[in-house]
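First the structure, in the form of structure tokens, and then the observations on it.
Chain lettering (A, B, C and D) follows the sequence in which the chains are written, and residue indices restart at 1 in each chain.
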Amino acid sequence: MYPKSIQKLIELFRKFPTIGPRTASRFVFYLLKLPSSEVVQLLAAIQQLKQLVKLCAWCFDPFEVKEDEANTGLCSICRDPSRDKTLLCVVEKESDLEALEKTKSYTGLYFILGGNVGQLKKEDLQNIRVEELKARLKAQNPKEVILATNLTTEGETTALYLERVLQPLGVEIKRLGRGLPIGSELEYADEETLRQALAARR
Amino acid sequence: MYPKSIQKLIELFRKFPTIGPRTASRFVFYLLKLPSSEVVQLLAAIQQLKQLVKLCAWCFDPFEVKEDEANTGLCSICRDPSRDKTLLCVVEKESDLEALEKTKSYTGLYFILGGNVGQLKKEDLQNIRVEELKARLKAQNPKEVILATNLTTEGETTALYLERVLQPLGVEIKRLGRGLPIGSELEYADEETLRQALAARR
Amino acid sequence: MYPKSIQKLIELFRKFPTIGPRTASRFVFYLLKLPSSEVVQLLAAIQQLKQLVKLCAWCFDPFEVKEDEANTGLCSICRDPSRDKTLLCVVEKESDLEALEKTKSYTGLYFILGGNVGQLKKEDLQNIRVEELKARLKAQNPKEVILATNLTTEGETTALYLERVLQPLGVEIKRLGRGLPIGSELEYADEETLRQALAARR
Amino acid sequence: MYPKSIQKLIELFRKFPTIGPRTASRFVFYLLKLPSSEVVQLLAAIQQLKQLVKLCAWCFDPFEVKEDEANTGLCSICRDPSRDKTLLCVVEKESDLEALEKTKSYTGLYFILGGNVGQLKKEDLQNIRVEELKARLKAQNPKEVILATNLTTEGETTALYLERVLQPLGVEIKRLGRGLPIGSELEYADEETLRQALAARR
């Protein structure tokens, strides 16, 4: 058994996403060997993260406060006047937004749900920003909302749930195109994907 | 080293698709243990395959000669009067046809290329049935051809090559829909697939 | 669904070790494309295997009949006068014998059990050549028997079972050395292997 | 692109063992969502690690200073009077010591090298505590030293190097037992491991 201070930190690192006990203990030994100056740097970077980064008031993507010179409370995408305000893309989390930005082919705005509705249990529904999304739609009034949740069971359930919630608002609701991904082979594609690919042929 | 008769058969089994030396030798020991009656059964089944199965004159899918009572030279799909003759789906190989049939959502006819054009080298072009496809199009005269090659580099090259070859024939040419497959997550999708999914939103 | 002759052969190939339905069907399409001359070659090789190869009367390893000019009924290892007859190594199957021969560091004789005792059920016990092994020991009268079964649960159970059966015969019984394999790291070794490696340090 | 404070912390997390860019960014979003109280807890745990944990003066395993009431500068294993001082087990790193302790079958003392000699380059040799090991041997004067480095190329090279360095000291040097690990199959074992397993049969 490792000493308490080590055990304590291993447990905290185990809560980090994807980290098991073995990697958590490697993190601790890494820190033990790290020169004090670099540990200080790490501690400072974590503290600064909490001090300098805020969530955007519109889309909930994190942004650096000091870059928001006019003190709008908005991230750089939401502040950008060249983005198309008639489009709103709803994603589950920050890295999904980042993935879509990397394609350089979407010019509208985003909204981060902060998760998905999971099994549609009461506590799952509180996991995502539904009221904030409704308020956002009223304020932005886009022509089209793209529900870009993952194509997992949880993501699909989330999109169906949001479709029902947003319907009364009268906005056009779309989903990302389904079909065969680049590099795929028909023989290994699942039936439903093939069915979608046949239906969406063009 | 195994005895010659074993070594010989191992080498023949190694030519089977996906089979390495270890599995090939396991096949031989499997046959050595198999009762003679079952070996006879296997040999008969291989011989019958070559005797009873022919390639369809239209689509090149293998079919059982004796089921073709009217001696049409056609497989059961091509013989089926209820299939939609205005549609022709071009695939690389038999198992791709089988995968599309399993979706139960395609009602047209097929054409099996017998491979792909690979790197577009001269010998690669002889790998696929281009002349047969052109003759088939003239005979069937479908309204729409679906180039359902794989979304791999070789499959895409094949589709581009066929598009160029078939253009003078004036038929409408389509491809399978691209996009996110069922079960996928945005974060792990490649950029091109995301781009296609955005373009094909609906 | 594939035609009957294809379906039949797919089912026979599915019985081959490690082969699932997809690979089995690829085997059939491979054979359909194969020139008739090569199919004839394959059929001949399978027939010759059953005609030319016999199991050694002593160790049950397969050998080529025609190489056994003196008609001893023995494989080349058992016929080899330079092999050490005071040692007998008992293995589960042919490929284990082959693996040990490749080390070029064992000079004794072998005995192939033909399997393992599995869960020690009655039918499992009939899976292995126990009576043949006892007869062999009486005939060869080696000084040392090495029970070289796998270190899996089934292999270990088989070794324990054989130890009990062979004890009355008064021969010295050994097992292969346990410990850390080449290339391994302590951190990823299981506890029992580490315990054995500590006990067997030298 | 993420804002600077996020990018900075992603880069620091990427230096953690086994962590790539995607996981590093997931760490940052995890911290952004974490309540401030838990971030404070994490920062405190990292600071305490550096303040409360020291490396043992004998074996270099980290230990909690406050548990060392008599202020010996030694970890709990080195302080334990019941451990066998005639045995010294030399390992590459902390987690190797932990793995051996879990077997509960080693009762001697340890020495952590802090790495391995890699390719035996000059800078690699400074990676490990050779002088400290020699000093330790003179102070402890054990009967037996177990060089329990990994069985990787680097670990083997390290053991060979240490054997040469320690030989003049006249202590008995042993290595961990090599052979087949629990659960292994002969067919898949590498030749050298099988050779060792044959040599170490018992």
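General observations
Keep in mind that, in the parts below, contacts are C-beta pairs under 8 Å (C-beta built on N, C-alpha and C of every residue); 3 or more make two chains touch, one makes a residue touch a chain.
Just so it is clear, the model here is predicted, and its values are computed rather than measured.
In this assembly, the C-alpha centroid of subunit B lies 54 Å from the C-alpha centroid of subunit D. With centres taken as mean Cα positions, subunit C sits 38 Å from subunit B. Centre-to-centre separation between subunit A and subunit C, using Cα means, comes to 54 Å.
Residues of subunit C found to touch two or more other chains are 22, 93, 95, 187. In terms of inter-chain touching, the protein chains here make up one closed cycle, each touching precisely two others. Here the touching chains pair up as A-B, A-D, B-C, C-D. Across the interface of their complex, subunit A is touched by residues 91-93, 95-96, 99-100, 102-103, 105-106, 146, 148, 150-152, 155, 174-187, 189-202 of subunit B. Residue ranges on subunit B touching subunit C, taken from their complex, read 2-6, 8-9, 12, 16-18, 22-23, 25-32, 36, 39, 41-43, 45-50, 52-53, 55, 62-64, 67, 76, 93-95, 98.
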